[in-house]
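Before any comments, here is the structure.
Chains here go by letter, A, B and C, matching the order in which they are written, and residues are numbered from 1 within each.
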């Protein structure tokens, strides 16, 4: 119990003193996971909405794949992305292994199926005739997609939170593809694992608290947006 | 109605900003050095001192990848690292024999210590031989916590068990954590068991742990570090120039001086002993 | 050639196949400028499918539709075409935003600028009596308000044709009444070509300039309300338009203008060009049946008169539906005042009479809904 108290004290101190290393780690966490989430939103919402609205042969298989992708173990993603990005691997020419960019890539791979799956369910849940009515108003396919996405915004905001939550807390893939390099590719989760491994439990707890705070604040903002939509 | 579009634009702007800031996060390939080392090495904090000096001096950007020594060696074998700084002499020798490395040079050593509860139920305190200590612990069936993760420490531990001829595999008193050194020490402290630890990690945690050093100084407990450049003939993508620069740096007089005094201020004794230029057989004498 | 206005719609050999079955089969349909065509029919008759085909929301499997002489899809691009119509579906299907934004959505889709949209939307809101709901969230509207918003949304785009698919079903009668009144008003005022689908006969009669009866994907009959209601082309249409009495009979005597058909042993006189011995179906609308007390009846009068016993009395709104047994079943609608005058109850003996010209004759006496003549 006093270990946790130690941790809280340390967390407070680290934050209040604007410890540069901690600030750097926190900012990087936000940047990497934020970018990955944004990428996953782009791909996830467009693919999810399209699959929800189109009938095509093999659709059921695609939907199962998406749903399976939601449960994809991040560590597995990390392993495969690492192998691909190895210098002598298929994507080695990009030279991005052990960089934040690789972390963004891996996290985007993790988050995209989550966002896609939730979007798919959300759009499928919309009233069946709504699509027809939108087309009847003279909308182009693109306009129709956009309007449907706006109609599903409550669920889509949930998708954003799920996607972001999944990657801000991710550690396995991030360590593998990022290398946890000090001041460069070290984020809150990877730093926590490292400090725990070294036995510095107070620092580890402090970082965990900061991570929790960060996740909470972001979700607070998103929830506000979501529930504000509700009230209108 | 105006604010509806505003949000969309803000989103796009945020994306654009992030993508732009993204472009600054990758470095030029030739100026990058991938150093594969072990978690215990990194945990000593020595590299946090040396790397910035090296970077400033040479302009290289060093990516220190700290993993288990097994993985570090494999990275070297696959050409995914440029230079190795590890402490598994047996595995390293094979690495060199198989032609994966060029120019393997001795850098420093630290040592392992056998630590345990101060009341020392197995009565090993003060023994000069690590093997004897292990034998005694086995016969006393004293609780022993092993890292069990094929790290350098774990390999050393297995070496000593083998030499001592003691049965330990599968015994009730022998527990494997699969964790790093720091965590394993914590487990040993919690459970009042014995363990084999590198002096550096032990010293870093000594204040909070209730474990004492019971056996030290045996030659077999030496943990010897070499810096090895990966062979570019096998893997053309290896940054051999950077690797050589790093290896040269590690054995240079200035660096060796830093190694000599590292840890004294914080722990009262140095964590490492610089050995550049010496012969391995002469160590520990 | 140019004396009659060119038809707004012309469908030729229009067929829609779904899941292997032919769900719409319209060899020919012409809709003229300014008319209000009301399509009635049971569920699954193909009314919605026809509407969707006409609005290019469903692609015909065969055949073509011409809009003002241009083939949809070929001569006129689908998107452009859709933007000249407006369609209102059964559910209001409003968007999760304010009423204003909903009504404006069609205009926004067409790329209209914000300040141009404002007056148009204001006018539409005004016209349908929902100006006070302008800034309310669509989610908070009542059923009737939502439907008004939905129709306002359609009107705001100033369409050339208005297509409505049962927009007032699932509303309570009072709300329905008000909405129909308002819609009727707007339609008459704007004279916009309208196709309206419903299965409420009263609605149909109220709004239609032309009535169309559909079943199993086919249009059985089109014509003015009067034509269809009083001269249904077959029994199915007859029952759909509210002919409560349809009797099977055989022609036993022919007079100069009339003929006598034998129905369950009784003789009914009707007007029609029939052959002796022919099987006919006689349709008698309940509104055309008059009841009087036995005592005052004149059995030898020119109109068809039959004594009968009251079997069942059902109140329907402003009148009562009286089911009689005159040797054959006969249904009459009696106004409430007349009802109390006659003191009708089950078992009462009355005289039922109807004019010969009120008997609509369907030759051949077929029972199914197949088209005999349009």
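Operating definition for what follows: a contact is a pair of C-beta atoms (placed from the backbone, for glycine too) under 8 Å apart; a residue touches a chain by one contact, two chains touch by 3 or more.
Since the model is a prediction, treat every value here as computed from it, not as a measurement.
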{"item": "Most distant chain from chain A by Cα centroid", "value": "C"}
{"item": "Chain nearest the global centroid, as defined over all protein CA atoms shown", "value": "A"}
{"item": "Contact-richer chain pair [A-C vs A-B]", "value": "A-B"}
{"item": "Length of the line joining the C-alpha centres of chain B and chain C, rounded to whole Å", "value": "87"}
{"item": "Between chain C and chain A, distance of the C-alpha-averaged centres to the nearest whole Å", "value": "56"}
{"item": "Computed distance of Cα centres, chain B from chain A, in Å", "value": "32"}
{"item": "Sites on chain A touched by chain C in the complex", "value": "127, 129-130, 132-133, 135-140, 143, 147, 150-151, 153, 229, 232"}
{"item": "Interfacial residue positions of chain C with respect to chain A in the complex", "value": "52, 55, 57, 79, 82-83, 85-87, 89-91, 93, 95-98, 105-106, 109-110, 137, 153, 157"}
{"item": "Interfacial residue positions of chain A with respect to chain B in the complex", "value": "31, 34-35, 38, 86-88, 92, 95-101, 104, 179-182, 184, 196-201"}
{"item": "Of all residues in chain B, those that touch chain A in their complex", "value": "14-15, 18-19, 21-22, 25-27, 29, 32, 34, 39, 43, 48, 63-66, 78-80, 179-183, 185-186, 201, 204-205, 208, 235, 237"}
